[in-house]
Amino acid sequence: MVFLKINNLKVYYPIRGGFFRRVVDHVKAVDDISFELKQGETYGLVGESGCGKTTTGRSIIGLTKSTAGEIIFEDKDLTKLSRKDYHNYRRDIQMIFQDPYSSLNPRKRVLDIVAEPLRNFEKLTIAEERQKVQFYIEKVGLSPEDVYKYPHEFSGGQRQRIGIARALTLNPKLIIADEPVSALDVSVQAQVLNFMQDIQKEFNLTYLFISHDLGIIQHMCDRIGIMYRGQFVEEGAAEDIYTNPQHIYTKRLISAIPDINPKNRDKQVEFRKKVNEEYKNSYDKYFNAEGKVYKLKQISNTHSVALP
Amino acid sequence: MKAEIVQTNNNFNIKKSKSSGAFSVMWREILKDKLALASLFILGLLLITVYGATLFINQDKLVTVDLLSIYSPPSADHLLGTDYGGRDILGQLLIGAKNSFTIGFFITLIAGIIGLTVGITAGYFGGKVDNFMMRIVDFVMILPSLMLIIVFVTIAPKYNVYTFIFIMSIFLWTGKARLIRSKTLAERELDYVNASKTLGTPDWKIIIREVLPNLSSIIIVNLTLNLAGNIGIESGLTYLGFGLPETTPSLGTLVSYATNPDILQNKWWIWLPASFLILVMMLCINFIGQALRRAADARQRLG
Amino acid sequence: MLKFILRRILIMIPQLIILSVLIFALAKAMPGDALTGQLASSPKMDAQTLHELKQKLGMLDPPYVQYFRWLKGLLHGDMGMSIIHQTPVTQLLAGRMENTILLSAAVLILSYLIAIPLGIVSGRWTDSWADKMVVGYNYITFATPLFIFALLMLFIFGFVLGWFPTSGSVDIRVENGTFSYFMSKVNHLILPAFSGAIISTTVTIQYLRTEIIDTKIKDFVKTARAKGVSESNVYTRHILRNSFLPIAAFLGYDIVSLIGGSVFLESIYGYPGIGQLFITSIAQRDFSVVTALVMISGLATLVGTLLSDIILSAVDPRIRIE
């Protein structure tokens, strides 16, 4: 069974212009991408801001309408389901949002926030509901009495964990994590990330992890897809990407990861120089006339790269 | 991480956290603002007096013409004198104030509901719905509303209080629709709305349960200020003779006696008290509204 | 920019059409028509001749035919006959319009003359006692209904103190064109204009105050100060220049409130303008005049908002609809 397979997904936004505001062109936020997720793994989507990684995540969960392509989840194409049928898949796919401040309604208690999905899908008594909410709140490391508090009484890291508890209540299979820690302090980031790994094992979750931070992706992901201008540049197992990057864009990203060890400083500088040199000299090899990348080509069992 | 969990034996004695809801913030702001507090007090006293006293006023006696005391100045019998029919001004004042306030209140409520519904729908759904609704709003906004209200009032068949409230409401919802739309547009972009969508909450529920509470303070402020404005417009129209029907006297009815220069100049007790009452009501409601506005805008709060 | 203006005018066309249909429908819904007036002068008309006359005048045509005929007349400046005055509406309006425009202009100018200094003082010296006074003034004028204020002004300055005339636009005893005629006009104008102006200062003061408060902490102002620009120059050259242009642009939107205001001001002060004409016409059921006045006011509002939108977009490119 296919767990999640994205086929030729496109998300275009019209640009209107001229006197009668006709559609003159499109912004191709996501331009024909395909990839697959296996159950239980963590798949990382990386790229600079505006490359379409968030849009990809949002169209999988249905927040953004895709222009074309298939999103196959457990052998069903989500893009072709009616609203009602789609509702049944809601509980299987959940999302963790980037901003822990705006993603929790400031007017609601934690109890009501975390219970919201339960109220949509399950008929529970008030006591059952509270028990269940408190169970998940404890799971994410907060105390059961916290459910009567309001979001503003928590720190950013705690709020993000409330968001995670909310996503967990429906026992989802897939969680789309859109930059889940980029709004948090660095000290709290590791805490939340480790915690995400813990619950992954416990609840058998699959993550689609969206981030611009290659360091975090390296820490979290089994497989990685690199996006640039709405297209895939390179895709492969984490090891392939980090030890054997093929595309110049990937190389540049990797060379930009800071190395904390001062002994490696010269090596790092050298590497950056080399990559920069290559970027200047062989730009044409990697990008076509429009500045876009080529189609993905498989170069090993686990590794594909966009080369002509 | 596990160490953070403080086990509580019993859920029942958990102290409920103090709410920082819109209402308590507003209440605190009013307590801080002496002027608003005084206004609230005066308005409350006024409304209690007006609604209380009208229960005991004999309306039939009030409308009976008493030829013996035409235009009598204030005296022990008639604290505020009488009008051209010898009718007691104080009684008319109380009933007028009650009618003006009640009708202003209902116009505000109905126009508020229309404006809120249109604004929040247009803002939440955006796109074509928004475009269509906002074209209508734009159109109503460019209408010369005062003149059209007067025309409608004149040609409406079976004209009564309800018709008047209806006509006023048709023209007075647009400003609110615009305001609520722009606030909803901003609110919609926040992730808690997206989160609710991904959690399977239907749109109508998101609008009512998620977005609406976050707009509540703005709505309350706006409704308060509109209430004052609408009482003003109502009494103004009645002053011109195109407001409430004669069977329902309002404060504007008393003021409208002043169109007669003789009354304006020599019989101040007929129109001046009503004018002052309108002024006091509008000032009080506005002062309260301004305090609420500061409460809604954290930057301006007094403390 | 030109594109924006063209598109903005394009948006106006459907509004104009709907407005005219609405007003035509209203005109049809109003009791009495062009014949009612003529009937009054020749009461011996029987049903047969009435029907023929109606046929001749096209009053039995389908509504849309009548609508287009009405529209054609309107475009030629023909707005029908006033039943009461037995004169063409256009002619009736001409003199009144002049008075209303004069009054409105006076209200506008006075309103800016009051509002701009107050707004600047209150924005520049925030939280001073002057600022507090201005804010208080603003609360009160915002809350006060125009008709109550105008009535009180008339009572105090017109009747009790007797400083100003209490009715009309000019003393009928003075001769047109003389200096005393002019002085009499001004004298009649002062009270209504001040009443209207004082009530309409709120928006301008509020706008100026917040704009100045917001601008004076911006970096470009700090830079100017750091470069040694004198405090008064900081205000005149840097802060006010940014704040003034939008105020000029609000002029068009003001037309909407001026029309409403003129109805109250003119009927309270017995000032013979279109506002007063509107009220008397509707009281006398002179509906062709009423229709014409509503149409003109609608047009004025449309053009006013159009002007404001265009000026605003010229001043502030951010709001241009591209």
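Letters A, B and C mark the chains in the order given here, with residues in each chain numbered from 1 onward.
Convention: contacts are C-beta pairs under 8 Å (C-beta built on N, C-alpha and C of every residue); 3 or more make two chains touch, one makes a residue touch a chain.
This structure is a prediction, so every number in the text was calculated from the model and none was measured.
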Identity of the chain that, by mean CA position, is farthest from subunit C: A
Innermost chain by mean C-alpha position: B
Mean-CA-position distance for subunit C and subunit B (Å): 26
Centre distance in Å when subunit A and subunit B are each reduced to the mean of their C-alpha atoms: 48
Inter-chain centre distance, subunit A versus subunit C - centres from mean C-alpha coordinates, in Å: 57
Set of subunit C residues in contact with two or more other chains: none
Subunit B residues touching subunit C - in the complex, by the definition given at the top: 138-139, 141-148, 150-151, 154-155, 228, 232-233, 235-236, 239-242, 255, 258-259, 261, 264-265, 268, 271-272, 275, 278-279, 282-283, 285-287, 290
Of all residues in subunit A, those that touch subunit B in their complex: 61-63, 87, 90-91, 93-95, 97-99, 102-109, 116-117, 120-121, 130, 134, 138, 141-145, 148-150, 152-153, 163, 166, 170, 191, 195
Subunit B contact footprint on subunit C (complex, rising order): 11, 15, 18-19, 26, 29-31, 139-140, 142-148, 151-152, 154-155, 159, 166-167, 256, 259-260, 263-264, 267-268, 278-279, 282-283, 290, 293-294, 297-298, 300-302, 305
Sites on subunit B touched by subunit A in the complex: 1-2, 4-8, 11, 14-17, 19-22, 190-192, 194-202, 210, 213-214, 216
